[in-house]
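To keep things simple, chains are lettered A, B and C as they appear, and every chain counts its residues starting from 1.
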Amino acid sequence: MKKRIFSMLLASAMVFGLVACGSNTDTATTGDAATGGDTTEQTTAAADGSVLNIYCWNEEFKSRVTDHYPGYEATGDNEGKIGDVTVKWNITPNENNAYQNNLDENLLKQADAAANDKIDLFLVEADYALKYVDTDYTMPVADLGITEDELANQYKYTQDVMTDSNGVLKGLSWQGCPGTFIYNREAAKEVLGSDDPADVQAAVSDWNKFADTASKMQAAGYKMTATANDSYRVFSNNVSGQWVQDGKVVVDDNIKNWVEMSKKMVDAGQTGTQDLWGDDWNKGFYPDGKVFSYFGPAWLINFCMAADQEGSIANQGGWGACEGPQGFFWGGTWICAAAGTDNADLVADIMRQLTTNEDVMLDIVKKDSDFVNNKPAMEKCAEDDSYAFDVFGGQNPIAMYCAGAEKIDLSNQGAYDQGCNEEFQKAMKNYFDGNATYDEAIEQFNKAIVEKYPELTTE
Amino acid sequence: MDTMNYKASRGMNIHARRIISYVVLVILTVLCLIWFYILMINATRSHGEMTRGFTPFPSTHLIENLHNVMHGTLPIAAGMRNSIFVSVCCAILCTYFSTMTAYAVHVYDFKLKKFMATFILAVMMIPGQVTALGFLRLIDRIGMDDSLTPLIIPSIASPIVYFYMKQYMESNLPSSLIEAARIDGSNEFKTFNWICVPLMKPAIAVQAIFTFVSTWNNYFTPALVLHTDTKKTLPVLIAQLRSADFLKFDMGQVYAMIAFSIFPVIVVYLLLSKYIVGGVTAGGVKG
Amino acid sequence: MEKNNNKAVIKYNRWGYIFLIPFVVTYVIFQLIPLCSTIYNSFFENYRSGLTQIGPNFVGLENYKALLGGGELLGYLKNTLIMWVLGFVPQIFFSLLLGAWFSDPALRLKCQRFFKTVIYLPNLIMASAFAMLFFTLFSDTGPVNDILIGLGIIHQPYQFMIHVGSVRGLVAFMNFIMWFGNTTILLLAGMLGIDSSLYEAAEVDGASATQIFYRITLPLLKPILLYVMVTSLIGGLQMFDVPQILTNGNGDPMRSAMTMIMYLNKHLYSKNYGMGGALSVLLFFVTGVLSIIIFKTMNQPEKEAK
C-alpha cells in the first residue's frame, strides 16, 4: 500500500512537471519586462501627491522629522501629516538585509505602483549607499532644485559617498558620524585615577596602550568593551581596500588585526562575544553592567545609550569622550529621493530643512546631541559651552567630532559592506568563542557570503 | 475492587509507585509552566529593574510596558488583528471544504474515487516547505504577494484535515440518512449543508481549533510572503524582536510583547481544554 | 432498489466530482503547480543581485552538484536528525510512562485532567514566541543565569548560546516540552483502547506491571507508535521556527544548529530560486526515503497500520 503511494506520488510529480514547464517560462519573462520598463518613465509627478511614503529602518529619522521639521504633526504611530499630505512611515529593521530586500522589492515595482503607494523618500547608510546611488532609482539632488551653493556648508565626505560614477549627487545627510571613544567616568577614576579626557586619551592612544588599559580594567572587574564587535568599526574604517575587489571578497589586513586583538581580549575575558544591539551588549549602559567603554559616534550616545532611562549611566551624565586609538566613523543616514516620486517638492523641502537650515540643525545639536552636517555651525558650537552634552557630564565633544569629520575617508566603501561586515562578525564569533579555528571561521564566512551574494567569489 | 487483590502480588509497592508518578508529574508540570511564570514576572518589570537581576515577584510596570509595546515600532495591534483574521478564515475554510472533500469521497461512487483517495493520502507526506519556492513565485505572479490572501486560500486543500474528516464520517455518517434526504427531494448540496455538516459538528469543532492554532503559530510562510509591517502576523513580528535594532533596548517591552502574543492562546486553551485534549485523542485513535 | 435507481445514482455521483472541485482546484494551484515550478527552477541559475536580476539560465544539474559537492547538506541533515532524536527520545519515554500511569487503574492518579491540560499546553504556544522567550531567558545576563547564580549552582554566567551542546540541547528541550503532552495523550488513547480483559488475564497469571507493559501494552500500541514516529519525524525534518529564532537564522556555533529548512530559508530569503529549488527537491527525497525506512522497519511482522 505505502509503496504504491510513493510511486504514485513520483509519477504524478512527473506528469505535472510537464504542465508547469509551459507555465513557468512566462514568470521569467514578465519579471524581466518589469525591471526593464522601470527606468523609462521617471519623473511622472502627475499624481496628487497626497501621500508621502518614507522607507527607513528605525525611529531615528522619524523622531528628527517629528521634532524638527516645521509643520510635521504625528497622527498615529506610523503616520503623520505635513499640511494636507499624509506621511506614511514604512520601517523595516536593517539586519540580515531585511530593509534592503524590502526596499529593492518596492523600488522594482515603483513604475507600476499607484501614485500614493510609490516610495517618495528612502534612507540609506554608507554601508550600501553605492548600491542605490549608482542606479536610476535614486533621483539626482539637482533635479529636486537644490543647488550646490545651498550645500556648501556640508562636510565633503557626506557628499562624496552619495555621488555616482558620473559625478551626480544623489542624496544628502543631516548628520556627520565621526566616532569617538566613549568611556565610563566612574571606571576611569577608579582605575586610571582620572576621568579627564586628556588623561584617558593618554591611556588608550594606540592599540598597545589600549591593551594595557584593558588588563587594568579587567583587574578592577570591568570589561574593556562590552563585546569584541564594538571595536570592529575602528578597524574596518581604516582598511586599505574594499571588501569586494573584481567580484572577489578580500579580507583586509587591518581586519585581520582586529581578529587577532579581539581573540586575545576575549580569551583574557576583557570583552564578550555577544551581538551588538543585544540585551547583553546594552547592559553596559547601566552601572551594574561594568563596561568601561564603547566606540561610537554622536548618535549612539543620544539615541541608544538609554539617556532617558532612570539609573542608566547616560542619565547621570557618567560618560566621557576622547579620540581613542584611531579615528573612525559609524553609520550616518542619507536621505534619497526615489525616482518617480509624486511629492518631489516636499522631499526637497525636507532635505533643505534638515540638511541645510542652520537653525534647524543647531536645534538638533541642542536637543538630540547629534553632530550635524554643517561645518561652520559645528565649528562655532565647538567653542560654545552651551552645547556641552549632558550625557558626558558637561563635556563638549564637538571640537573632537569636527576634527574627526575632516578626516573621514569613505573611498573604501563598497556596495556589499553591510553583508560582509555582518557575516564576518558572525563568523568570527565562532573563532572567539573557541568553536572553530580561524581558518574554519573564514571558511564559514565565505560560505555565508556566497549564499547572500551568489555572484561573488571568495579567496 | 479487583485491583485490590492484585496489589500484593505486584513487583513494587503501589504507594511507592504512586509517589514516584506524582513526583515525576509535578516536575514535568514545573518544566512546562516555569517559563511562562518568568515571562509573566518580567513583563511587569522595567528594563532598569531587569538589569539588576531576576526576582520571583512581579513589579508594577506591566501597563507601562504594554503601553510602550502598543506604541512602539512594531505594529503589534495590527499583528494581532491579522493573526486573528487569518486564523479564523483558515479554520472556517479548511474545515468546511475538507468536510466537503471527505463527503465527496465517502458518499459518492465515481470512477476517480479510488485514485483521489490514494492521491490525497500520498500528498499528505509532502512537507509544505518543499513547495514554498514555487508558491512564492506563483503568488508574486498573480499579484498576491504581501497580502493575507495566499495564507488563507490554500487551507481549502488540507489533506490531513480531510483524512480526519473521512475517518470520522465512516463511523458517524450513516448513508441511510443521506438516502432518506434524497427521497425527500433535497438536492445534494442542501443535503451536505443541512444533514452532513451538523452531524459532523464535533469533528469540525476539533479540527477548527487545531487549524486555528496551527495557523496562528505558523511562521515560515507568512515570513516569506508578508513584507509590510502592518500586514504581518504575530509570529513574524515576534521574530523581528530578534533583530529589531532599538526596541530591544527595553527588555520589558520584549517580554510584554511575547506575553501579549502568548497569553490569549493560553486563556482560550484553558476555556476549551476539554475539547482540545479530547480532540487529540479522537484524532489519534483514528489517524 | 439499486437497479431501479441506477440512473439516479449516476446522476448523484456526478456530485462527487462537483464536491471535489474546491479541493482539487486549490491543491493544483497552490501546491502542485508550485511543486512542479520548484522542480523546474532547480535546473536554472536564477537570482537577484541587488536591483539586477541574474538569469534564469539553464544550468542542468549544476545546482545539485554545488549543494551535494560541499557536503554541507549532509551536515545540516545530521544537525536536524541529532536535534530531533535528542528531543524525541525523552518525548517518547515520558509519553509512554505517563500514558501507562494515567491508564493504570491501580494507580488511581488524582488531578489527571489538570496534568493533561498542563502538559498539552506548550504545544499550543507559538513556536516563534517560545523560542524568542527561551533566547531572552537563557541569554548571558538573562533570568536563568541570574537564578542559577543566585542559587549558587554556578558562579559565572553560563553562555548557553556559544556551546554546541547547549544550543542543540535547548532546541531539543523545547521540542520535547512542546510535543510530549501531545504524544502522551495520543498514546494514552491507544492504551485505553486496549481490551481490559487482556490485562485482567495477565494479572491473574501473576504478571508484574513491567511485564504487562512490555508484553501486552507495547505490542498492541505499535500502530499508534508508528503514527507518532512518522508524524514526529516528518515534523522533525521540517524543524525551523525554534532553531531559526533561537540562533537568529545562523545556526551558530559553527552552524551546528542549522537545519535543512533553515538552509532553504536562506536561499529563499536572498531570492536564489535556482539553489532553493534544488534544495527543495533534495528535501523532498530525503523526507520520502526516511519515511519509507521507518515504515519498513516498524512494519515488518505485522500488516500495515495508519
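Keep this in mind: a contact is a pair of C-beta atoms (placed from the backbone, for glycine too) under 8 Å apart; a residue touches a chain by one contact, two chains touch by 3 or more.
No experiment lies behind these values; they were computed from the predicted model shown.
S.K.: Count how many hops through touching chains it takes, at the least, to reach chain B starting from chain A.
M.R.: Step count on the best path from chain A to chain B: 1.
S.K.: Need the most distant chain from chain C, centre defined as the mean of C-alpha atoms.
M.R.: So the farthest one, by centre of C-alpha atoms, is A.
S.K.: Considering A-C alongside B-C, which chain pair is linked by more C-beta pairs in contact?
M.R.: B-C
S.K.: Approximately how many whole Å separate the CA-defined centres of chain A and chain C?
M.R.: That gives a centre separation of 39 Å.
S.K.: With centres defined as the mean C-alpha position, give me the chain B-chain C separation in Å.
M.R.: 15
S.K.: Could you list the positions in chain B whose residues touch two or more of the other chains?
M.R.: Those would be 51, 123, 125-126, 134, 137, 243, 251, 254.
S.K.: What are the residue numbers in chain A that touch two or more other chains?
M.R.: Residues 6, 9, 12, 20, 24, 27, 96, 278-279, 283.
S.K.: For chain C, which residues are shared contacts with two or more other chains?
M.R.: Answer for chain C, listing residues that touch two or more other chains: 33, 35-37, 41, 136, 141, 248, 269, 288.
S.K.: Okay, in this complex, where on chain A does chain B touch?
M.R.: Counting only chain A, the residues touching chain B are 4-6, 8-9, 12, 20, 24, 26-27, 30, 57-59, 77-78, 90-96, 98, 102, 105, 277-279, 282-283, 286, 288-289, 303-304, 306, 309-312.
S.K.: Enumerate the contact residues on chain B facing chain A in the complex.
M.R.: These residues of chain B touch chain A: 47-48, 51-52, 71-73, 75, 118-119, 121-123, 125-126, 134, 137, 141, 227-230, 240, 243-246, 248-251, 254.
S.K.: Sort out for me which residues of chain B touch chain C in the complex.
M.R.: Residues 2-3, 6-7, 9-12, 14, 17-18, 21-22, 24-25, 28-29, 31-33, 35, 38-39, 42, 51, 53-54, 97-98, 100-101, 103-105, 107-110, 112-113, 116, 120, 123, 125-138, 150, 153-154, 156-157, 162, 182, 188-189, 192, 213, 216-217, 219-220, 224, 234-236, 238-239, 241-243, 251, 254-255, 258, 261-262, 265-266, 269-270, 273, 276-277, 280-282, 284-285, 287.
S.K.: Okay, in this complex, where on chain A does chain C touch?
M.R.: Interface residues on chain A, with respect to chain C: 1-2, 6, 9, 12-13, 16-17, 19-21, 23-24, 27-28, 31-32, 35, 96-97, 101, 104, 107-108, 131-132, 135, 137, 272-275, 278-280, 283, 415, 426, 429-430, 433, 435-436, 440, 444, 447, 451-455.
S.K.: For the complex, which residues does chain C have touching chain A?
M.R.: 32-33, 35-37, 39-41, 46-54, 56, 70, 72, 136, 139-142, 159, 162-164, 248-250, 252-256, 266-267, 269-272, 275, 288, 292, 295, 299, 304
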